Amino acid sequence: MPYVNIRVTKEGVSAEQKQALIEGTTDLLMRVLNKDPATTFVIIDEVETDNWGVNRESVTSRRREARG
Amino acid sequence: MPYVNIRVTKEGVSAEQKQALIEGTTDLLMRVLNKDPATTFVIIDEVETDNWGVNRESVTSRRREARG
Amino acid sequence: MPYVNIRVTKEGVSAEQKQALIEGTTDLLMRVLNKDPATTFVIIDEVETDNWGVNRESVTSRRREARG
Amino acid sequence: MPYVNIRVTKEGVSAEQKQALIEGTTDLLMRVLNKDPATTFVIIDEVETDNWGVNRESVTSRRREARG
Amino acid sequence: MPYVNIRVTKEGVSAEQKQALIEGTTDLLMRVLNKDPATTFVIIDEVETDNWGVNRESVTSRRREARG
Amino acid sequence: MPYVNIRVTKEGVSAEQKQALIEGTTDLLMRVLNKDPATTFVIIDEVETDNWGVNRESVTSRRREARG
């Protein structure tokens, strides 16, 4: 009965991609730890880029700089 | 000073239900562990059904199948 | 399929008290949101008192002051 | 490579304030634990006031009472 | 720069299994969302079986019953 | 009433360093968001280096390689 929380920035993750993350994570836990998919929770949090900081900067600023 | 995080799918939890969860959780921690309500935090996260997976499927898909 | 995380300081919570927290939380989610106990996760984290701060102090210091 | 999660109520935190939290937290971890800013994550969660309870009440109710 | 938190019960997960979870999760996020492994955090929490409840019972009790 | 969770690898953080993190974080939230220290929680999680992965590797492996 694993609980997996995947946190990524909110930058257009599609329903299909979310489904791929859910399947991939569940299969990984089954393969490595023999966990039952029926009680494996995978929860995806999408965080606004203003709210995610790395290297003293928000991702919003980093993206803006990357666009130049 | 407990911190309790309740994560549920975003499926129309009302303000009254949230209040009932806050009261019920706080009372439980007071009753069982004698914790002071004044410093008991209860935080409810509501997660989109696309973003919550169980048994290799998103809750969105499970709900759709359940409706047939 | 709720996920509930209860975080408290590591100060001798007994197995019976943990069981009471698990039952009480599960019953609350069943009563208020009609959630199925079979897929309700309740996870208790016990945090060292050095590692929990409130009012700019660790709980270890607060307990020491309280003992005078 | 610290991961810092700051949870506050959703009450109008500006982009500038978020940037100040990101910088301040990253600098603190560099100063105290010599952690590399390049792999220091700071993530801010803003929680609806209905969804945050303290002293058996939601913050929404507490704010309403405070306004009298 | 994803942050992935995998929570499982503390039941003898080996270093090799943890490495497999870290690799598998990182590869999944690279494959599905094109995330850079250099800034992908995977953190595994192992929770005591007394501290993990499902279906109103701790995992400790469930394991005991399963052994009959 | 902020809740701040600081997750770092378990590599000998002293009680004094933890106190500095608690004070620094609480002061930052007071300075930036005018939050009351009396209801500001700062919780430090120390994670085993086997259990923290970055760039497809556990921190245990990375430290071993760094020592050559």
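We just call them A, B, C, D, E and F in the order they show up, numbering each chain from 1.
Simple rule for what comes next: a contact is a pair of C-beta atoms (placed from the backbone, for glycine too) under 8 Å apart; a residue touches a chain by one contact, two chains touch by 3 or more.
No experiment lies behind these values; they were computed from the predicted model shown.
Engineer: Tell me which chains count as touching both subunit A and subunit E.
Structural biologist: C, D
Engineer: Please find the path from subunit D to subunit F through touching chains that uses the fewest steps, and give that number.
Structural biologist: Shortest path length, in steps: 1.
Engineer: Would you kindly give the rotation angle relating subunit E to subunit F, two copies of one sequence, based on a CA superposition and rounded to a multiple of 5 degrees?
Structural biologist: Between subunit E and subunit F, the superposition angle is 120 degrees.
Engineer: Note whether the interface between subunit C and subunit E is symmetric in residue numbering, meaning over half of all numbers used appear on both sides, and answer same or different.
Structural biologist: Mostly different residues.
Engineer: Counting in whole Å, what is the centre-to-centre distance of subunit A and subunit D, each centre being its mean C-alpha position?
Structural biologist: 20
Engineer: In angstrom, rounded to a whole number, how far apart do the mean CA points of subunit B and subunit C lie?
Structural biologist: 15
Engineer: Taking each chain's centre as its mean C-alpha position, how far apart are subunit D and subunit E in Å?
Structural biologist: 26
Engineer: Listing for subunit A: what residues touch at least two other chains?
Structural biologist: 1, 3, 7, 21, 25, 39, 41, 43, 52, 54
Engineer: Under the stated touch criterion, can you name all the chain pairs that qualify?
Structural biologist: Those chain pairs which touch are A-B, A-C, A-D, A-E, B-C, B-D, B-F, C-E, C-F, D-E, D-F, E-F.
Engineer: Where on subunit B is subunit C touching in the complex?
Structural biologist: Against subunit C, the touching part of subunit B is residues 1-9, 13, 17, 20-21, 24-25, 28-29, 31-33, 35, 39, 52, 54, 59.
Engineer: Would you mind writing out the residues of subunit A in touch with subunit B in their complex?
Structural biologist: The touching residues are 15, 18-19, 21-23, 25-27, 37-46.
Engineer: Inside the complex, what are the residues of subunit E that reach subunit C?
Structural biologist: Touch list, subunit E to subunit C: 7, 47, 50-58, 60-61.
Engineer: State the interface residues of subunit E toward subunit D in the complex, per the touch definition above.
Structural biologist: 1, 3, 39, 41, 43
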